[in-house]
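First chain A sits with chain B, and in the next complex the same chain sits with chain C.
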Partner chain A sequence: MINLKNSDPKFKWEIIKKEGGEGLLKCFGCSDCAASCPVRYFDERYNPRKIIRLTILGMRDKVLSSPFLWFCAHCHACTERCPQGIKVAELINAIKNYAVEQGYCPDGYKMQLELLQKMGRLYEVEDFDLKKRQRLGLPPIDKTIPEVAKILEQTNILKVLKK
Partner chain B sequence: MRVLTCNCHGLIKFPELDLGPDVKIEQYDNLCKLKLDIGADETVVIAGCSPNLLEGIFPNANAEFVNLLEHITLVNHSPEKAEQLIVAAVAKMQNTPPVKTKVFNIKSKNALVIGGGIAGIEVATQLSKNGLPVVLIEKTPFLGGTVSKLDRLYPEGTPYSHTLMPLINKLQTSGNVTQFFNTEITDVTGRVGDYKIKLKAKPRGVVECINCANCIDVCPVEVNDAGKKRKAIYYIPTFPDMYAIDFDTCTKCGECVKVCPGKIDLEQKAQESDIDSGAIVVATGLNWYDVSKVEEYGYARLEGVMKTLEFERAVASGALYPKKVAIVYCAGSRDSKHLPYCSKICCLLGLKEAKLVKDRFPDAEVYVIAMDMRSYGTYEYLYNTLRDKGVSFIKGKPSEIHRRNGILVVKTEDLFTNELLEVEVDTVVLNSGFVADTITFDKFNIKLNGDFPVLFENAGLGNYELPRGIFTAGAATFPGSVSETLIDARKASYSALSLLRQDKIETRIPQAVVDEDLCSVCRMCIGTCPYNAISVVDDKIKINEELCMGCGICAITCPSYASQLEGWNHSGLYEQIRALVKEGDVLAIMCRWSAYNATEQAAHDKLKYPENVKIIRVPCTGAVDPSHVMLALRNGARGVLIGGCYPDACHYARGNFRAKAREQILRLNLEALGMRKDRVRLEWIGKDEAQKFADIVYEMNK
Partner chain C sequence: MKKYAFFLGCTVPVRAQHYELSARNVAKELNIELVDMPGASCCGFPMKAVDAETSLLIAARNVALASQLQLDLVTLCNSCTAMLSDAQLQLTNKEFHDKFKRLGLSYPYEVKVKHFVRMLYEDIGIENIRKSVKKPLNPLKIMPHYGCHYMRPSHLYSFDNPEIPHTLDELVRVTGAESLDYADKMMCCGGSVLGIDEDLAVTMANHKLSIAKDLGTDAIVSICPFCTVMYEDNQRKAEAKFNTQYGIPVLYYPQLLGLSLGFDGNAIGLRFNRIKPNGIMKKIAM
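Let's look at the complex of A and B:
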């Protein structure tokens, strides 16, 4: 149930201001994006059309708190086929960025960020892995990459998350 | 009687023919290249190529055509069959009286234009520019019609003054136009070229006027004229340049008479006048559908629910400052309980209102709730503009509109998100469809499809085709944008012009003729006529020559065989079938509009079909009498195939349905007689379905 009493008319304009969000209002609801989407093939709860239409209607909380927003695999099939030339994947990205700014980041993403910050990798390299590499004749790798933490600091993502 | 044969560049080989002493056989090489003169009262048989071609070359001939090229030569059938076909055609024509030429004299060169909207104005201008005297009548006191009520026109949103004023000025300077205002038609008699029309002009009240506007200061009566307030005495800046009194609301208090420096007559009488006219152009325009009938939307019950026109006029005149607007599309349109059709232009009208709000109040929120958005043609950019302006489009049809805590709530299911949706607004605009002014259509017996006269579009039989001299123009034909309306008006004016330029018109459309001695006035034919051409006058069946299109359906319906179609008399067809059908043949009775063309196509597709298939051509499957079929069977026919257009595609609207009903009964009768019922078949055969035709006749030969 959508009650437009709870809608935020400014929401769509804020998304449009974000990089990638420019095309939002061009949507006329043909659902070509949803029909092209390979993720939807596996989980029909994910529907890019619905995310876009709810954004246009200004249903801020509904869009930002939706776990399905994060399902997009960025294959860009939708971008390729949109008859109105909307860069749908970029648009979903813009909405995601906005969601993170507003404190709607899912826990999984936060954990990944922590891992990256701590060791520069998502997957911890242990002695066992190094031995395996040695046996296969591969050169050893560093257990942590401190540069990644620097990059993360530069992108401001950590400050945005803490807000 | 003559038989004209053509050997078509030597393609067709002729048998030796002996048709008796009365029949003269003439052989030609290329008949289509010769300009042969065939009199209108002579009957001939023309044997050569396709009748579709030869009919165009000999438009006046009373001819039966034998298609030797496509039914004999190209399908390698024997010359004996050719001879049989010609003999049968001669037998038919010897028993068929010629088609009469109908002549209508154009006595009056006057053109009558009904309706002073943009279409009527344009028609009158075009006709008078071409030197014809024109009478223009308008039922309100001012020219301009619907357009004069609008604030702006889509898609650009230009004010009507850009369009209407130049049109009116052109009309006023084109000369030879008599204009009647406040006038309606009371009676019409006569026929094309000679109509007599009685007019009644209601009083205007204002006799002399200098446009000082003193009267509106003193008039105590306030009227809400479609969303805009005015007094009972009022003025619209179009034409004529004087005030008028709305006597429906005027209380005749006399205040205006006191302050008027000109002359106001509150007791003015209605004036009647008679005019002659040769052609009539109906440009009565459109009306908004009465949307209060859509009860769930609460028009007239809920304050704040308005029609598009009211909303437009209220916003434009500054009486309304909406903050949240919902524009509800298809209010009563595409709805079997209200208007079953799409009025085509209302989608754009709704977009126009959305743009009006956004232009005047950029911060207002506009919700457009539409089942489908049809911004056809080049108007798509208006829709694009509005999306960019941030108008919210919701897909769905609202289930109801009601008031909750003093606020209007529109309830719908948003098909874009598949969720139930409620929106609270201060104003709801009901974007309804349009209906035509059917009262005028009834007066002129104009046949309608739904509410508009667009029945015969695809058959190429517009109102222009009928020898009636009555044409529709503009939104009376179908709702359209201003430019479409003007284009339609020019088409109608061209039709009227080309009619009135002649001194007489001749038509040779075959028509049904009723033998009064046989007719028992059972009235069965009246209901079967697709054109409303049959009526009872003085206890006799009368066929209106201006309306009859020659389908022959009534002739077959008639239980006394009193009605006969010219050129396809029963006696002629009986003789043709008797002469043609031999033991073991298959008789194919083909509708000239589709199935007959398929038989010709079979030749060009190099298809083979058995030689015992004999093809005759009829105007419509609805014109095939069961007695024709039974006669063929009695003569030893193996089967009878009746081929016609697909359901709904009948050239004469519904002849093929009649044929289907007759086929069913015929088959029951065959069973009762102990015959196989599939010896009679009615099949739908489209013009390119040659293969289907060949397959069926093979099947019937088994």
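Let's look at the complex of A and C:
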């Protein structure tokens, strides 16, 4: 049940300002995105149309606190079929980015962020891996790429880890 | 000779060396030079859901490394391809380019980003590959799995058909193998939700595995390390969850192509495939 008394009229404008959020108000609710969605095909708890409608209606807490927001696989099946030309996967991503800003970052992403800060890559390159590469005749690779941490500092994204 | 900067990403160089090895050997055979990119990092995609701008800057730095080499860039991973293609496009936007420059980076050469398989299709071409095939893989029935970010979103790529794709099918057929046509060809492997809900991810992977079994598939051909994680590494979990048996090998496309070019198992790292493709090797030896 949606109670519009809880609606935050500013919410949709916050999303529109985010990278990828521009198309939000073009949605007329046809549900092509939900019909094309491979995640929704298997689990109806995720429904991109519902997330977009709730966002337009200003149901801020309902959208941001939903664990199902993170079910979007970013596969772009929806983007290809939206009759309004909305980059739907980018729009859902904009809502995820906003949720992160508001303190709703899943732990898995925090872990990945820490790995990137430490190594600049997701998997640690151990001596074992380098030896295996050498045996196969593959060239060596850098164990760490510290330049990635510099980018993370510039965009101030590491503050996510403190929330 | 065609020459490209070779972007490996996170997964391939430590978890899928057989993909890298087979791609390098196929490239050598087809007279393609792959130039390594010292200092290349994660593509940035894993951070997109956290902050799109951060992920794009990480990606743009990698594109800039290719730009310093004055080379177009090829990747082995679908998501790396999408992320780096997006960054390449963003670099034409002044506001983004200014942020990029503040990192002390420069972009002297306009880089084209391509998946390795797209490069084979567009820059080498089916007819040229056909001339190099020494051992047609006629008896094999192969299920091509494209993966989402090979040609989607189409506004980044303008390549192949995002609803009814054909390029990987053609590349499978040029090896002499049959490329199976099947429903839900563009179904997602589930890899992107593996970290959020493993049960859902395995259910998604199972969909295509069950189709593969019904069609009597000899092997699924993948072009993305994450899709392979779902169809190969998680195949046992799908079997357990759905109380069935698959045992379907998953080959990377350069491995399949390598077999048709006459390579032995070592040259394509066949012993690193977790589901042993012994059945395939027997069939093609006959």
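The definition used in the following text is that the second predicted complex is superposed on the first by the 157 of 163 C-alpha atoms of A that agree within 3 Å, B and C clash if a C-alpha of one lies under 4 Å from a C-alpha of the other, contacts with A are read in each partner's own complex, and residues count from 1 in each chain.
Assume a residue touches a chain if its C-beta (ideal position, glycine included) is under 8 Å from a C-beta of that chain, and two chains touch if they have at least 3 such contacts.
This is a predicted model, so every value here is computed, not measured.
With the two structures aligned on chain A, chain B fits next to chain C without clashing. Measured by the number of chain A residues touched, the leading partner among chain B and chain C is C. Touch criterion met: A:M1 reaches chain B, while chain C stays clear of it. Using the contact criterion defined above for the overlaid structures, shared-chain residue A:K50 touches chain B, although it does not reach chain C.
Within the superposed three-chain model, A:V39 lies in touch with chain C and out of touch with chain B [touch as defined at top]. By the document's definition of touching, of the two partners only chain C reaches A:W70; chain B does not. Vertex at the C-alpha centre of chain A, arms toward the centres of chain B and chain C: the angle is 100 degrees, rounded to a multiple of 10.
Overlay on chain A (Cα): least separation between chain B and chain C is 21 Å. Put simply, chain A uses no single residue to touch chain B in one complex and chain C in the other.
Against chain B, in their complex, chain A makes its touches with residues 1-5, 9, 12-13, 25-29, 49-50, 53-54, 56-58. On the chain C side of its complex with chain A, the touching residues are 8, 10-11, 13-15, 17, 20-21, 24, 36, 38-42, 46-54, 57-58, 61, 99, 102-103, 148-149, 152-155, 162-163, 186-188, 190-193, 195-197, 200, 203-204, 207, 269.
By the touch criterion given at the top, residues 365, 367, 373, 383-384, 387-388, 390, 392-395, 414-424 of chain B touch chain A in their complex.
Residue ranges on chain A touching chain C, taken from their complex, read 18-20, 38-39, 42-43, 70-77, 79-80, 87, 89-90, 93-94, 96-97, 100, 105-106, 108-109, 112-113, 116, 120-125, 129, 132-133, 136-139, 141-142, 145, 147-148, 150-152, 154-155, 157, 160.
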